[in-house]
Amino acid sequence: MAPTHRAPASDARPDTAGPAKAATATRAGRRPALGHPLLRHGLWALAALAAVALLTAATGPVTDLRVADVGLHLLAVAGLQLLVGTSGQVSLGHGAFMFVGAYTMALLVVNLPAVPLAAGMAAACAAGCLAGLAVGAATARLHGPYLAGATLMLAVGLPAVALRFPDLLGGANGLAFTAIGAPPALSGLVDDTQWRALVVWTVALIGLVVLATATRGRLGRHLRALRDDPTAAALSGIPVGRARVTAFVISAGAGSLAGACQAYVLGTATPSTYALTLSLVLLAALVLGGLGSLWGAFWAALAIVYVEVAGTELAHALELDTDVRNNLPVVFFGAVLIIIVLAWPRGVHGALSALGRHRSTPSQTGDS
Amino acid sequence: MEHFANLTLNGLATGAVYAALALSLVLIYQATRVLNFAQPAFALVSAYLAYAVTAATGSYWAGFAAALAAGALLGAATERLLVRPLRNASPLSPIIATLGLLMVLQGAVGMVWGNEPLSFAYPLDYRGRFSPADAFALASVLLVALALFALYRFTPAGLRMRAAAIRPEAARLSGVRVGAVLASAWALASAIGALAGMLAAPPFLTPNAFDLVFVFAIAAAVAGGLENPFGAVAGGLAVGVLLSYVTGYAGPELTALAALVVLLTVLALKPDGLFSRAAARKV
Amino acid sequence: GQTGEGAEADLDVSTGVTDDTVTIGAHMPLTGPAAPGYSQISVGAQAVYDFVNANGGVHGRTIEYLAEDDAYDPTRTVEVTRELVHQDEIFAMVGGLGTPTHSKVVDFLNTEGVPDLFPSSGALMWNDPEKYPLTYGYQVDYTKESKILGEYISEEFEDAKVGYLLQNDDVGVDSQRGLDMYLQDQAVSVEHYESGAEDLSAQIAGLEREGAEVVVCACIPNYVALGLLESARIGYEPQFITSSIGGDTVTLRGLLSSFAEQAGSGGDPDDFLNGLMTLGYLPPVELGGDDPWVAFLRGVYDEYGGDAPLSNTTVYGMVQAVQFVRALEAAGEDPTRASLIEALESLEPGGPGLVPFSSTGEDRGGYAGGFITRYEDGELEMVRDPAVTDNAEGDIEPAEVDRPLPEDIGPLAQG
Amino acid sequence: MDGHVLSVEQLTVAFGGLTALDRVTFDVPHRSVVGLIGPNGAGKTTVFNAVSGVVRPREGTLRRHGRPLRRHRPHHLPRLGISRMLQGLGLFPGMTVLENVMVGADPLATGGLPGMLTGLGRAPRDERRVRERAEAALHEFGVADTAHALPGTLPYGVQKRVALARACVCSPELLLLDEPASGLAADEVSELAERVRGMRAHGSVLLVEHHMDLVMRVCDRVVVLDFGRVIADGTPDEVRADPAVERAYLGPPEGDGDLLAPDGPEEARDGR
Amino acid sequence: MAADPALRAASAPPALRTEGLTVHYGAVRALDTVDLEVAPGALHAVLGANGAGKTTFLRAASGLHPPRSGRVLLFGEDVTGAPAEELVRRGLLHVPEGGGVLTELTVEENLRLGGLVRRGRAARAAALGEVYDLFEPLRERRTRSASSLSGGERQMLAIGRALMAGPRVILLDEPSLGLAPLITRRIMHLLQDLRSRTGLTVVLVEQNARTALRASDRAHVLDQGAVATEGPSADLLGDPRVRAAYLGL
């Protein structure tokens, strides 16, 4: 440690990215605990599920599909949030865990159609956790760009497994299947897409409750501590390596569940879905949404689904040359990313909460 | 045995391309601690511009010069407009901004030139087991690495560059004009990236042509250690040769997997890359 | 609210048909690594629809063609397809592109009762009336065409060592099955490439090492060009024979145009291409004015197409559109999905193509075979006359086809 | 020997060619304050690093209550009843003061991973206990009102107290303090002295400090290092009177007027 | 042989002068209209409790933190708003709190970096030699990474790096921090020596008020961002009220 003894000088750039330092003074300590955390989070989740049910009941299958898409991406990004925002490990390979989940789900449905959905989800989560354990253990000593590089290669390399075992995993074509839809008892009440959206949100919200509980409690504290200062964290009794791996495992489990949800909704698992782009988009959306808070993950999921839609609609709305029209959505997404990162370096959530603070205490500004 | 030699030579030729892009990544990492995702896009724009200039003038080398100039310009502009404003944000922010830039530039190239492949010439005769074009690629990359090494180690400019990257404020207090130094580092790096683009573009150029090159360049840079230009070159050539063997002996679907396994192995043994110095004292 | 699942979808509907429009959709990669090579297909199809619309449409209705980008990512395919069906309410899917992609929506389209016409893929699964009653193939399937190629090679290059260069997906697998029926004993080497790879040097080196004198490529044009260039680089000169997806010499000429000069002989990309053999089933643009359909399509393309030269890939999309226009016309004044299907099944097997087109109740494999040409300085020489076969053990038989002229087809004639 | 919280025996640490510690031997008795002083680079922090498992000694033994410490790692310290305050404080800038101190108190929690994930089982009780302990420590160190502030926004003296609170919240048996007085104003140093003396009631302190007033005021024993060797070991008065210590570290006795007067011993040191 | 600073002040403009310097961090005013004048060749102390604004003052004076209002004059020239790197070229060196050594560079690279603003290879080499003579431990560790240094060694390196530039005015933020008593004294000696040899002007921020007042000619005492009192150091040291209220002595 340098004998610096004030708040970290603005020019100190730790390369073990503590990406969210200033952004994430959580309120864990600020609010007196309102009952049991599980109860609190569970009530939130039920409210959210009810909202989703209302929304899907009021809209058509295309919106249902997008709602489901938001839900599963929310879960994936929330997992990434724990890894990147809380534990400070930058992963460019989160899509690989979605790959694991999607294929676990697909293999189960294809080979053992009788297995109940919940068991499929549990298996996918377990497979993801195992993958996370392996990856976390292999990369526990890496920091900053080295971890980023290794996980980037993971995102590219792992889906190739499907190409290596075409008989089992379907090669480049992947697997197509139809998982069980709405139970007959509910036919007439909910249609198939709506049912799937509800399943996704149920899974996602369970995942979020776990992630929220873990982040608010001792584990989250440990992860934030080792993000901010690994040496001091170790000296305070935190087994740094093990905590890092734990973060990887949990985040991979969430990513894997999200992948399983995606496979369940769309009935496909294909390597090209889990290409590098997916991993990069997840991370980009996380930063755009705001590091360090599950709300950030929510904005991220919205962005992943709807910026794309907006770009496509823009392209259709404008009378354009073919080449320009085709490429417009990509450019649009990139431009949104740049503008938001420049305008709100702490993401949508950071900007909104700063706004909120500004409103409530107009005299207090100036968080460096 | 002859097959082995062929695979090795092919691997060296593609490895030179990875090495060139890895060099530009390393240089930018050294300068600003940013993993520049827009680097392949700079290379792409430069290569497409070179294509246009070559088509207009009929001279490959006019296109080549235009590419390097365009690369330098793009790099400097990005540093000024995207990276510098995010200096005090989280370290991830500039990385994500460059990712956004990658999307914008890649899409823009598609808008202007379309997504169909263009036929892109080699600088020199490409025929032969180790052709003049291959030799050009390898030689230019080695030369650039040598020059960069000398720049870092022996020149005040290199010292300023490193200082500006590590602790901008402390560097300013030693009289380093951090802004100018960083902009020129980005310009230089992106010119090297443009060189990589010119080497990687033949034979066919598409807006996504450099995606895989970029991935392997990152793997090369990381495996070699981000502190050292020779690490990038060694990493690039090693990755090129390795992938060539894997394709030749095991099957092309395994290349990415093999790269992953090798990278993890290297980093497990040397967490900061092969050419890194000892880890810094923490307390 | 939407139709529940399980119940047989109602086909007596005219979703997507209004008084003056018929809306159809397709999914294809317009961006991303898989886009190159395919964008001309939708350009060609659009040109035909524009031409038809400009000439009064089909039964007075203009055709609205929605080509959506799926970036060759099946997840996106599922999403855009559902949007096309539920939101844009298309009448039919026409020309959904790619095996990995389209195979993920074929179930959905069939259960939703959306006619699924002419997927742009040579996979065998489109021809499965039992499972996919609403799906009708277009492209000659990979196995059929490679059987014809295999037989030809086994006859014409009797003692030659043969190497395969295959795309590492169903294209390669299905093609190899057909080739192996005839070339099992001659094949000395099988090389694969991943689509998206930038380099074939290891594969070509492998083929050369095994001494392959004939190389069959089941590849898209990019990789045919790369293979030709790479062999020229190392001075390896086998006879290249490509399947239908890779043999577009217009595209190949474009790809190779920069290298001819360095090859040192007058600077014509034909130096790479001369002698190249290709399987085809549509009229090749090289036939020029000699073929009424090529002349017609060129006219349409010149007026409504893009800036790129007319290639066989463009023709692929144009013929796809022509076949749809034919079916739509036959579906009657007030088309329903059922009448469209009916019209398809009674469609004359002849069309712009040089081999029969099959879209009957039992066999909806689309083009049923092909012919083989040899390229020489811009001219094509027919080395194997049109033949048809099945994708199993069946024989290869000469094909006869009646080709209507463009002016015989109502919506096209008014021009 | 068993009475000693820590015994350092023949401790030798080398970095490449540089021997940072050379057969260092001393004890920290139960309930005592031991000062560790010496010129810059003498190896004081390195002693701390060896005790806390951050560096591996080349030779020598560390004993706790007579039992050797073998291959222990930094995160074992709380379990060993040892706690360390870093030279640069090492507060977690992204966490509130309360959370910072709660991290120090976390070893009190006993629940496992499932509880942390679900909030079930012992987790809520653990959490409450840890929080109460941390709040008590904040009170004790007079910084309770800053509980929800980020450390970076606080004056340095307050940050120091937070760091101390974090180090002390688990009532360690041995507290390692690395230059706790640096950057503090005179009155704050006095307060610190009181606290350090007060700690003797529960455990022992090993104190590295350049602030001689403090060292002389609070230490029961002082060990002096120079170039990695122990050059003196005794009561503060003995050490102050030791000419070797004066030559190597202290310079001529203070209070003789101008600090800037040329002093002989310094020249002598230059000639080493 | 020190020239009388007061005498020189009469003939030359002050080495450093601030007029109404005011600095904000967001909405917080950290420095409030601070006027200060340092004669060339003087050793001037700035004192105050934790958080009084001493560091902020130095950062504003050296161009690291642009003031909201007020002026900074260097040898009579207005340099308000000039960036720190320009001021370094004009001979104003700031050794920040905690030194700010570049831990990724070697010891010698750190020093060479400091000397880059100096013209002439020979001058740089001579300066390097002088710094090594001054801080022997640095010479022994010249090829080591600066991150391996002990706390005190880093502080030496930071001061050495500033000296490499051949400063005319040097701003030191708590230089004695973490240094052994002997080294602190040597640094004070060195500063005295430099000002008599080269006319160096020193602004010294210190927590240890007694040492600082003994070493300096004049001093300012800051309290909550404003100047509480100022005067010749000896007077301040002798004034019991000042000692009690601001210096905690």
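As written, the chains take the letters A, B, C, D and E, and residue 1 is the first residue of each chain.
Here is the rule we use: a residue touches a chain if its C-beta (ideal position, glycine included) is under 8 Å from a C-beta of that chain, and two chains touch if they have at least 3 such contacts.
The structure presented is a predicted model; accordingly, all values stated were derived computationally and were not measured.
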{"item": "For chain A and chain C, chains touching each", "value": "B"}
{"item": "Contact-richer chain pair [B-D vs A-B]", "value": "A-B"}
{"item": "Relative to chain E, chain with the most remote C-alpha centre", "value": "C"}
{"item": "Most widely separated chain from chain D, with each centre as the mean of CA atoms", "value": "C"}
{"item": "Intercentroid distance (Cα basis), chain B paired with chain A, Å", "value": "30"}
{"item": "Rounded Å distance, chain C centre to chain E centre (Cα mean)", "value": "78"}
{"item": "Inter-chain centre distance, chain B versus chain E - centres from mean C-alpha coordinates, in Å", "value": "43"}
{"item": "Between chain B and chain C, centroid-to-centroid distance (C-alpha), Å", "value": "38"}
{"item": "Chain B residues counted as touching two or more neighbouring chains", "value": "107, 110, 114-115, 166-167, 169-170, 207, 211, 251, 253, 255, 282-283"}
{"item": "For chain C, residues that touch 2 or more chains besides their own", "value": "30-32, 35, 39, 168, 194"}
{"item": "Multi-partner residues of chain D (each touching 2 or more other chains)", "value": "45, 54, 86-87, 156, 179, 182-183"}
{"item": "For the chain B and chain D complex, residues of the former touching the latter", "value": "282-283"}
{"item": "Chain D contact footprint on chain E (complex, rising order)", "value": "49-51, 136-137, 141, 148-153, 155-156, 174, 177-183, 185-186, 188-189, 192, 207, 209, 211, 214-215, 247-249"}
{"item": "Touch list for chain E against partner chain B, complex", "value": "62, 64, 83-85, 88-89, 93-96, 100-105, 109, 112-114, 116-117, 145, 147-148, 161-162, 165"}
{"item": "Parts of chain D lying in touch with chain A, wherever the complex brings them together", "value": "52, 54, 73-79, 84, 86-96, 98-99, 102-104, 106-107, 109, 111, 113, 116-120, 123-124, 126-127, 130-131, 147-148, 150-153, 156, 159, 166, 179, 182-183"}
{"item": "Of chain D, residues touching chain E in the complex", "value": "15, 18, 38-41, 44-45, 87, 155-157, 179, 182-188, 210, 212, 248-251, 258-260, 262-263, 266, 269-270"}
